[in-house]
Each structure stands twice: as structure tokens, then as C-alpha cells.
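Labels run A, B, C and D following the written order; every chain starts at residue 1.
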Amino acid sequence: MDFEPRYTAEQEAFRTEVQEWLHENIPAGIEHPADSIDLTYEQYQLRRDLGRRLGEKGWLWPTAPEEYGGGGLTVDHSVVLEEEIDGYNLSLPPYYDSGGRLGGNSILVWGSEEQKQEFLPKIFKGEIRTWQLLTEPEAGSDLANAKTSARRDGDDYVINGQKVYVGSAHGSDYMWTITCTDPEGDRHHNLSWFMVPSDLPGISVFPMDLLSSAGESGAGSGVKNIVYFDNVRVPARNLIGGENEGWKVATTHLELEHGTGGKIGRNWIVDRIFEYCKTNNRRGEPLSKDVDVRERLIDIYIDAEIGRLFQLRNYWMRHSGAHITYEGPQASYFRKQSGLRIATGILDILGPAALTKDSQWGAGEGHIEAHQRAAIIALHPGGTTDIQKVIMSRRIGIGRQQRERAGALA
Amino acid sequence: MDLSLTEEQEMLKAAVRRFVDTEYPKETLLELAATGQNAPSEPWSKLAATGWLGIVIPTEYGGEGGSFTDAGVLFEELGRGPVPGPHLSSAALGALTILEAGTEEQKRSLLPDVAAGRRTISLAITEADYQWDESDVQAIAAPDGDGYRISGTKVYVYDAAAATDIICAVRTENRQHVGLALIPADAPGVSIRKLEGFAWNLAEVRLDGVQIGQSAVLSGRAMPGSSPFSGGWLALEQAVATAIPLLCAYQVGGSQQVYEMSVEYSRTRIQFGTPIGRFQRVQDHIINLVNELDSARWTTYEALWKLDTEREAADSVHLAKTVSSAAYYNACNHAHEVHAGVGSTTEYGLTLHTTASRTLYQFLGDPKFHRRRLADALGL
Amino acid sequence: MDFEPRYTAEQEAFRTEVQEWLHENIPAGIEHPADSIDLTYEQYQLRRDLGRRLGEKGWLWPTAPEEYGGGGLTVDHSVVLEEEIDGYNLSLPPYYDSGGRLGGNSILVWGSEEQKQEFLPKIFKGEIRTWQLLTEPEAGSDLANAKTSARRDGDDYVINGQKVYVGSAHGSDYMWTITCTDPEGDRHHNLSWFMVPSDLPGISVFPMDLLSSAGESGAGSGVKNIVYFDNVRVPARNLIGGENEGWKVATTHLELEHGTGGKIGRNWIVDRIFEYCKTNNRRGEPLSKDVDVRERLIDIYIDAEIGRLFQLRNYWMRHSGAHITYEGPQASYFRKQSGLRIATGILDILGPAALTKDSQWGAGEGHIEAHQRAAIIALHPGGTTDIQKVIMSRRIGIGRQQRERAGALA
Amino acid sequence: MDLSLTEEQEMLKAAVRRFVDTEYPKETLLELAATGQNAPSEPWSKLAATGWLGIVIPTEYGGEGGSFTDAGVLFEELGRGPVPGPHLSSAALGALTILEAGTEEQKRSLLPDVAAGRRTISLAITEADYQWDESDVQAIAAPDGDGYRISGTKVYVYDAAAATDIICAVRTENRQHVGLALIPADAPGVSIRKLEGFAWNLAEVRLDGVQIGQSAVLSGRAMPGSSPFSGGWLALEQAVATAIPLLCAYQVGGSQQVYEMSVEYSRTRIQFGTPIGRFQRVQDHIINLVNELDSARWTTYEALWKLDTEREAADSVHLAKTVSSAAYYNACNHAHEVHAGVGSTTEYGLTLHTTASRTLYQFLGDPKFHRRRLADALGL
């Protein structure tokens, strides 16, 4: 076994190239605010701009196929890229974009050649940004109950309905959404996916007022929105995967959303609390020397390490083509549950300094306070903890001889 | 043995519930949260008019002379809101501190106003090295003419922004005594700044050479011939020990409310063609919640009963706070699991409790603090 | 509220009477062994004999109706009795007997007057001892799936089948059992209860080899058995509650088995570990001064206190006629879960001294070792933890407007 | 990055699994448990013949010279049994201790026998004040002619009853050094008594003036001019640190086995007309179990990889033992919840794991011990 990317000489040369490039191309002012809801339009534009430049180099989606505008690079290259941009507290892409990882992958699996040619280069080069629209007021965990309707009318589909908890701020170019194309049809056989241009008439977007938008780190999702569709006419060529074939597409989309992709990178909030406890005193001693604080730090460390290993395992499985079953939702479930435990541990360590973003009395420049809120709300998006366990059970085959297969991935 | 409330307590419970439902509907609570006010004049003056703010104050000082269990019933119902405002700070902590630490004259002059809600009190104990021990008090009371000049910074002070007066824990200049000074919130040199974020009604209180007279020192426990500040910390500790179960009752009320919200939601929210409460996982969130709730309820009411019957109550008080702090905190988490996205919207109202539960988790000592005290109380 | 029995002068006089009587009547050698499986026949006979003498005085089932041989005493008297016998590490009755609490109560609710006259005095006076027979290989949590058949034949029923996990050692006089009287009948409408004399031809009993029989304290259930019925002829007058009406009887039986009765008494294992840690040294200091040990003791104490309060609440509700819903299974669930947590805490405190009953190196004269095993096995009898949660959910009305009612109690 | 086993490791894994299935079927394991034997001659001699007992021993000393990960694969598969016997004690702990602490001559004379299973070793470290620190070693080695006379009582010694030799941690008479003596189990003055109950292969080892020669002292690390016992404890600590991940792998194997048993039972046990695994509560027991299992698996194999690649591994070793001890313990508890009554019967086989999990939970340090060490390793 080898738990570290093998850094070949070629990789190390690539690292130098990446470091130099990032040093030159990452502008000041791009830093992530404590709460992603506070990311300004200017900061967002700096990130979009960085994304476009990364896209030109094939570094925005480094392992995506070159023929569709991706980087065509190896996993070892992408690891270097992810590690290096992580050092700037940024991720790939440096803004919320469900286009590449979720929509893009789904199109790779289920789109026609024409659709791949049309959408993928724009996504992989960072020219467009895509939101995903899944949840509806009556379709949360039960996504297959989506009621937003798409009715065929000539060369178009006409979409009506409402989507909620849609990330994020500062607009999108496309909306990647699941609709119901046959209200009378059988469950799982009446849904269809569309890539909807965001500027079509009849689309309106309203921000939601939430405890947190659960943008924990990296890109963060910022504010969440309600999106209304009022007789929105979408060209039929934007239907992905075929009419009433939407659940197939959903299995691919959800597979990735449920954590199968894995991740390389630090747990920023854990780094932050360790650093804080080592460098801040209470009663003249570093916090990290207090017996209760040490207990909590070890709790946090154990959770963080297991989470890191689950993500690393999934990253490796995803990129080595290993046979994936329950590992995606397992990592997702663990991240959600341990995230809340970590937040409790931090509250135990810091007391009310964890609860205020006051510049003098709040710990960690507002990041800790934002995390206290985000850790609660992060239990739900991308499938609740309960849903992760539903999927794990099917994939393991608990109580059933046939194990459910994971969704197809590109 | 009788674990039921008395008829009078049941009537009080019903009356408070009606009051909260009428005067603090969700819309009012959301508006107060949005504006950052916790004691606007309107519902507060009605609350003051009920006389409930004097529930722990003896009738001779203008209060109702209720039992601790009576007060527990009151604060449990207020916790269901959760009703903000300095009722716990003033009518429980403040009143009990004046009763323990005040001179007879101070009790006569202050308590009727506290009972009537004309005077509202907040306790300023903690400072930069955030802990609840005497040694952590560093604000200084320096002699100044006939009185004292007080300087220091109190942080994470609960309800300070809504108080007319602050009871400050201060250290004498020779560092020998930690006692209590009653400082008008609008006295020159006092500045109060709310702490923003996920905190619930916490503030910084800066004391910049605030001048007070001798009569502002709560000196009822001062040793003869010693500083008027002497004995103050001990009195405060005793007052806090009796106030904690009332805070716990408030946490019980909050837990009860999010429990009922969750059960109701489990019946009405339909997913996969059935009420979500039919799924065992959703049931288990609620079962975890009710187990936390009942643990908090019975440890709290046993502590109140011990106080009422003048039994040794230290172990029960520390147990109740350990359990209730975690219970309310976890109850909110379980309720969020039941509600998923809907619970995260401000308008739904669950996040009022979530926010309250975090601040109250640590206020007057978090579980680890009370666990250590409990071990001591058990003679370990 | 009042968390303590009000000890009136009359009660205190009663206490003196009880103390004196117990002092005279509790013989040496009756002590409970660490593992109830080790209770000898001689010890058992001492306990049966004590039970008969308690029964004569009406102190064996103090609150049972006097007209049927019970004590007819008030709750306040029974509290005194339970407290005092608890001081001898004994309980009422001082041996495993499901007759009085479960069978007896069920007969009080569902039996005919004739049956009450026949069975109850023998039970309440301690003349007979009754085992309960519920679980079968294919009917565990799903008790309603019982397949042991009872077929009417003239004035008798003929019973055939197998019951498992039947407590306990040293024989019984009656077997209180649920059977299937209509294999083709609807679920819950095809069952019947019998009081079966244990000496009928065709009954055979074989002990089972288990990790523990989960006799945690007090009477303990001792060894558990498999009981086979081979054409056992039982007189029809021993049918309780009517043919095919057995599920009604089961609701009463199970209500009590699921913890609704409550309990007054110490948690003996918790007392024992506290005492041990205060009086045993490690590295020259009492164990209770070690920071890790203190943490675990506080964990244990909190669990024990909550458990005590749940039991006290249930005891009070049961005897004050309060409206009971989910409280029985809640106390049962909490006792099972906290019992295992307490065992883990003890293992953390003591290490391998908790795992051996070696007279020199095991802690607590074998009681600790027995508890380590019992705490695992105690998760299942009287309804698994999962079943307790099923019942709690129905009684709370989670996901349903109608809250299920608790079983009828006498 | 490559988280798969090599082809050779996969072959080893399959071979060990076949061996365990054939030589240690459930009936054999139950019989060994019932008789209290853990290393009967029959399957043990076959195990010795495979050469696997020399897996961590360099080829120059008659071993296989495998990597730590190779050894992890072996012990994981043995843990599935759980196969009893002194394989971990002898082939991992014993061999690594001799490698760390022995002189070249001792290695040459002892290790080939250990690799061949002719000599089996058990480590006797802990005493009445049960802890794993050097200061807790009180057994004394007093000079006696050319050699030493050893007296003391070792308790909770794992696998002692199945060992031909005991490596004892002993203190020099002047109390300055703690070192290691290799004592034949049948030497005069040695008495070994099994500890009965829920313990798994633990024994008391009494040393009543046991005489040993100079050559029995593992003195490879002795400082020149100092006692031959000097440096022994340090060598032992280093050996134990490298052996712990192999113990963890054994716990991973046990957890894997009870996981597979539980999944299988969830499919075949019918209640309420359906496989019990269709109930979410039963699913959740298994999900909790697999989460524990995978946590143990990946922390363990990362520690093994660090040892193989000579990275600083202290943090990973303490993490792996903390996680794996709790994982195997909890895995068994979850499996009992899935199996209910059936799991409590001896004949079913689950209790073999339950029993093993308790003893291994604390062997070489329980979670709280390794958490403290982990905090130190992280520089807290």
C-alpha cells in the first residue's frame, strides 16, 4: 500500500510549475470570508477569472477528458494541483460550481455526443458556471417526487415549478435541473434532466434566509435561493439522457454528490482549532496544555483523521477504477456526523468565543462562529444523514441478497 | 412520593403558557431576533405586570415568595418560546444574588423594583480568560474618595444589553477579596457592546473608571472590619447554585418545545408517500430527543425539590446543569435531523432554539465544568 | 413534587417491624452469587422458603389484592419493604418468578373469577413459582409469530412445540406461556395463553449454554432453558383470557415486562464500582483520584441517576394511576443502553481486573466480571432495544395522529 | 498512491484464509475455548509449518523477512477466527522484542526457533498496579552468582499459558534499570495460573526466585559498563510500538468477521415476515459496525505503511490502537444487537469474538492510554 501520491521527478517538476503559476495568478483579495455568504461580487469575479485562466491551462478540471476541454492529466497531476491550491485556502474550482463535478460527469455518462461537444468544453474551461436545482418543497429526501413540470411543446419543453435551497450567490450561466415529464407516469420513470440557460425568460431567483448556507470551506456555496420557473421555454436539445430517463441520470449525479468522489485536502477548521489552542493562553498556559482541552482536541483529531482516510480511500478508488459500493455515502455520513461532533468539541474548548464573530472576542476571525452554524446545517444537503444510511444499506446488501450497484461514473 | 405538580403549579403553568402564546408568538420572537432586541418595551411590560418577575423574591420584599419548583414551572414555560429578555438574569440570578449578598437595606430598596420589572439586572462575572472561578475575576475596584472606581472588561455577559443595572464581580485593589458592585448600565464609564453572531444576547461590558458609592457594594456578607467586598464571591456562588436549576428548567422548556415541533412535523411531512415519522430513523431522532428531554426534566425537578426542602443539593445542581445543557443542545440537533432543510430556515423558528441552546450550554458553566464540580460534591 | 416516599410515623413503625422480621427470618447462606447461574439448589430453597414466609405475611406481593392472597398494603408500605430487602441484596420475590408481576397481573386483568381464585393465592403467597415461556426459535422480537400449537381436544388442549431462553434454574411449578390456537387465523387473533402445570407428561427442559443469563442483580434469572412440549395435555380451564384472545393478554404482560412497573432500589453494580474506586489504590493513590477514573465514574453516575429517576417516575406513575404512554419502554431502553455504557466505563477503569473472576486478581468478587457479560446479553430479553423503540414510537405517536395506548394493568 | 494490496499480499491473504477455514473451523474454536487451551498441538504445528510465524523475522535469522503490511495481512486473517494461540505474542511481540533488545548471538539462537514455532514467547509486563509504564515494573532481578534471581508477580499476561518462554520486564535490585529476561516457562520457581472468566488467555505468572544466567538477559541495548538490563525497557517500548499495528490488524480481522456474520444474519433471519435487515434499526447497527470496521482498517494500514516506509509513526500507532480497540469492542456489541438471543448462545460463535474483543481492548494499552500518548505525539 502507499498512502501518499508517488511524487515522481516529473510530478515535482509539475509542482514547481504549478507553484509558480499560482503565485503569479492568484490575486490579492480573493481570500475566503469566514461565512461564504459574505463573499463579495468582486471576490467572486476574481475567482471566476482565476477559474477561466485555470481552465485555459486545463487545470480547472485536470482529469476531465482533453477532447471535451478538460485537462486530460493523470491523477498524480491532479493531486499536485489540489494540494497546491489547497495551500491558498482555495479549491478546484475556486467557486461553487456543480457543473464540472456533478453535471459535467453526468453529461459525460448520459449525454449525446452533440451535447458533450456543446456543454462540456464551456464547463471544463470555466467559461460557464452551473447551479444544480434538485430539492423542491415536497421533494427533499424523496427527490423522485419532483413536481417541477417540463411539458413538450414543439421543439421546446415548457418548465413550471419551484426549486429550493439552490446554491449560490452571484448568479449562474446554466441550471442543471431535474423535472417531471410525466405526472401520471410510474415513479422513477417520469423524470428528465435539463441544462437550462439561466437567462431564459420566466426564471426568477430569490435568496433564502437560513441559519447557515453550510459553506464550510473552500468554495462555499454562499447564499441559497428559491428559483421559480414560470413557463420557461427550454430547447429540447438541452434534455440530457432522454425523456423520462432522468432517474438514470440522477443515479450518476447523486453518486458523486453522496461522496464517492473523495477529496484530498486539509480539514481547515481542525487545523485552525489546533493552531488556536497551541498559540492562545488561558490562565497563562497554552490552551493545549489544559487536560479538558486535550481530551477534546484528541476527539477532534481522531474524527478528522478517520474522515481524511475515508476521503483519501474514495479519491483513490474513484481514480483507480476500484469497485465502489457503500464507500461514497459512508464518507458523506461520517463527514456530516463528525462535523457536528467537532463543532461540539470546539464549543467545549472555547466556550462563547466560539459563538461570536466579534472581532475582539470571537475566536478564529469569524471562521469558528460560522462553522458552529454550518456544522448543523451541513447535515442535510446532498442527502441527509438518514438518506446516506439508506444508500449504504442497499449497497452493503443488508437484508437483501442482491446488492444495489453504485451509479455509473465517467 | 408525589411527582405531580400541585394544582396551583398547574394553573401557573397554564397561565404562563397562555401568556407566552399571546405575547410572544413566533413572529414576535423572529422580529426580536432580527432586530437584536431582547427586551422591547411591549411584551416585557406585560410580563412585569404579571408579578412573575418576583417569583423567587419573598413577599416582604415585594415578591411572590414562590417555591423553587414554582419558579421552575415559570421558567420552563418561558423556555418554550424561547422568550428572550432578562427574566432569568434579573428575576432569578439577580434577585437571588441580592438576597444572598445584599444588606437588609439593599434588599428593601432593590428587590421590589426587580419584582416589578422596573429594574432589570444582569450578572457580569466572566472576563477575557473565560472561566467561572473566583481567580478569573480581574476587574479592579480601587478606593476613590468615599467610594470606588471600577475598571475592567467583562465579556460574554448574558442579557447585559437589556439590563438597567449590572452586578459586577470585582477584585479589591489589594487583590484579597472578590465582591459585588451594583452598577447602573448608564453610569459614566460603562459601555456595553453586543457580541454578534451565533451568540444569544451576549455582550461585552467595559468599565472605564466607573465611580460608585459605598452603598453600591453588595456587602451583606462582608466580614466585620474587613472590606465591604469580602464575602461577595461566596454569596454569588450560593446564589448561582440556586439559580442554576431555574436555568435548567428553561432548557427543559426549550427541549420540550422542539420535541413537540418534531413530533408534529413527523406526522405532517410526507415523503416517499408516507409521513416521515413512519421511518425508524426519523423515529430514532425523536426518541433520542425525548430521552434527553426527560433526563433534563427529572434531574432538574429533583434539584428544585431538594432546594425547596432544604436538602443538600450540590450534587443534584451540578448533575442537572450537566444534563440539561447537553439535553437542550442535543435536542436541537435531533430536531434539525428530523426537519432537515425546513429547520434551517429562519422563518420556521427552530433556529431560535438552536441559537439559545448554544449560549445556554455554557452559561454559568458548561457540562465539563459541572462534571468536575459534581465529582467533588460526590467526594471522589 | 416530592421525590421521596413520605415516611409517616406509621410507616416508620412498619419499617421497624419489617427490619426486625427480616433480621430474624433471612438465613445465612442466602447471599447472591456473582453469577446467578451459580446459585445452588440449597440457596434457592432458602429463598423459596423465605418467599413462603413473606407470602404468609402478605409481604411477598405487598400491593396485590388481599382477596386473592396479596398483601393489600399501600404503596408506601411496599416502598418500605422494597427498601429494606434491598439492604440484604435481595428483592421481592427473592427468586426469579414471573408469576406475580407478569402472569399474576395478567390473570388479574384477563382471568375469570374462578381462575383468579385458583391461581392468584398460590402465586401471591409464594406457594408456587412460575416461569414465563414466550420466545421461540422463529418468534423472537416477533412474538405474535409463536408457533407452539395448542389444539382443543375434549376438555383439554394438546400443546406441541418449543420455547427458548426460558428462565431459570431449579424448576418451576407452572409455566405461563403463549401458544398458537389457530395456525390459519389472522395475526394477533390466533394466540392463547395458558398456565401449564410444569409436571405434566410430555414437558422436557434442557439448559442452554449462553455467554450470560443476564442475571444482573437481585433474584437473577440463573440458567436459561429450552422447553419442549410433546403432546402435553392441559385442562381447558387453564386457558387465560379466552381462545384466540391471547394478544390482549400479551399487551398486559409485555407492558410490565417493558419496564412500566418501575423500581425502587440501588444500582448495585454502580455502588460497587464507586466503593471499589474509593477504597482501592493504584500507584499509592485511591483510584477515584485518577483523572481518567473520575471522568468514567461521572459518566457512570450520570447514567445511573437518570436511570434511577426514570424508574422512580415509572414506579410512581404505576402506583398513582397516572396516564402512562411511552415511559415503560423508555426506562427499559435506557437501562439496557446505559448498562452497556456502564460496563465499558468499568472496563476503562479497571482494565483486565474487570474481566476475570479470579479470586485474587478479579475485582468485586466476580460480580464485576459477571456484569461485563450480563450487560451485553441484557440488551435482548423482555424486548430488544429496537423493540423498545418501536413501542415508544407508537406510544408517542411519531408519524401517526393516533397514539397507541398502553396495555391494561391491574 | 495505491491503497490496494500487492499481488503477493492477496495470495497470502487467500492462503491464510483457507488455512483458517480448514484448520480452525468454528467447532475447533469452540472446543479450544471450552477446554481453555489456546495452542493445542494439532493446528498449531500446521501453522508453524507454514513459515508464517517468521513473517517479521529477517531471512538471516530464519524468518520470511516480510513487510509490516505483509504481517498485517496475516494477522488480519488470523483475527477473523479469532484464531487463539501465541502467534501475536510470539511471532509479532516476541520476535520484534528479541530483534530490538537481543544481542546478535541471542537473535541467532532464538529467532529461528520462534520462526519455526518450536519456541513460543509471551511478554510479561504488567503487575498488580496494572498500567503499561516503566514505573509500574516492580519484579526484581537480584544478582545471584553469575546470574540473577528473579522474583515478582506478573498479572494479566497474555498467552502465558501457551508459551515455552516468557520475556519478563524486571527491575534491577538497585531499582535503576528496567530490562528484559527470557525465562523458560518450565523453569523452577515459575508458576503460571490461568485467570478464569470473561478474560481471553490471560494468566498470572509468579516468579519465585527464578534463577537465570547472564545469557538470559536481553542485553543488546545495554550501555557499556552499565547493567545488562539497561536499555531493555526502551527496546521493549520500541518493539511494542511496531507490534501494536499487528494487534490492530488482528482486531480489524475480528471486526470484519462479525460484520460479515451480521450482514448474513440480516438476510436470512425472518421476523415480521421479512428479513430483519429490512428494518432501518437493524441496518443502523450494521452501519455503525462497518463504520467502526473501516475506521480501524484504514488507520491500521496507514500505520503499517508508515512503519514499512520508515516514516515517523508514533501518532499513527497510537491512533490505530485507540480506534481499533474501540472498533472491535463496539463491532461485537453491534453484532449482538443484530443477533439478539442467538448471538448469546455459545454455539453460534459470536461470543468468541466478544470475549477476544474485551481482552484485546486493553492489551498493550486501552484507548485512554493511547489517547494520552497520541496527544504527546502531536505535541499538544
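Heads up, the rule we're going with is that contacts are C-beta pairs under 8 Å (C-beta built on N, C-alpha and C of every residue); 3 or more make two chains touch, one makes a residue touch a chain.
Because the structure is a prediction, the values reported are computed rather than measured.
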Field: Chain hops separating chain C from chain A, counting only touching neighbours
entry: 2
Task: Report the inter-chain centroid distance for chain B and chain D in whole angstrom, where each centroid is the mean of the CA atoms.
output: 53
Message: Taking the mean of the CA coordinates per chain, how far is chain C from chain D in Å?
response: 40
Query: In angstrom, rounded to a whole number, how far apart do the mean CA points of chain B and chain C lie?
result: 42
Shared interface positions of chain A, touching two or more other chains: 389
Message: Give me the residue numbers in chain D that touch at least two other chains, ranges are fine.
response: 276, 279-282, 284
- prompt: What topology does the chain touch graph have (line, ring, star, complete, other)?
  reply: other
Chain D-facing residues of chain B, complex: 279-281, 284
For the chain D and chain C complex, residues of the former touching the latter: 129-131, 135-136, 155-156, 195-200, 202, 204, 270-272, 276, 279, 281-282, 329, 332-333, 336-337, 340-342, 344-347, 351, 354-355, 358-359, 361-362, 366-368
Query: Any idea which chain B residues touch chain C in the complex?
result: 1-5, 69, 263, 266-267, 274-280, 282-284, 286-287, 290-291, 294-295, 298-299, 301-302, 304-306, 319, 322-323, 371, 374-375, 378-380
Message: Under the stated contact criterion, what part of chain C meets chain D in this complex?
response: 135, 138, 140-142, 145, 164-165, 208-212, 282-283, 292, 340, 344, 347-348, 351-353, 355-358, 360-362, 366, 369, 372-373, 376-377, 379-381, 384-386, 389
- prompt: In their complex, what parts of chain A are in touch with chain D?
  reply: 1-6, 75-76, 79, 274, 277-278, 288-289, 294-295, 297-298, 301-302, 305-306, 309-310, 312-313, 316-317, 320, 322, 326, 330, 333-334, 389-390, 392-393, 396-401
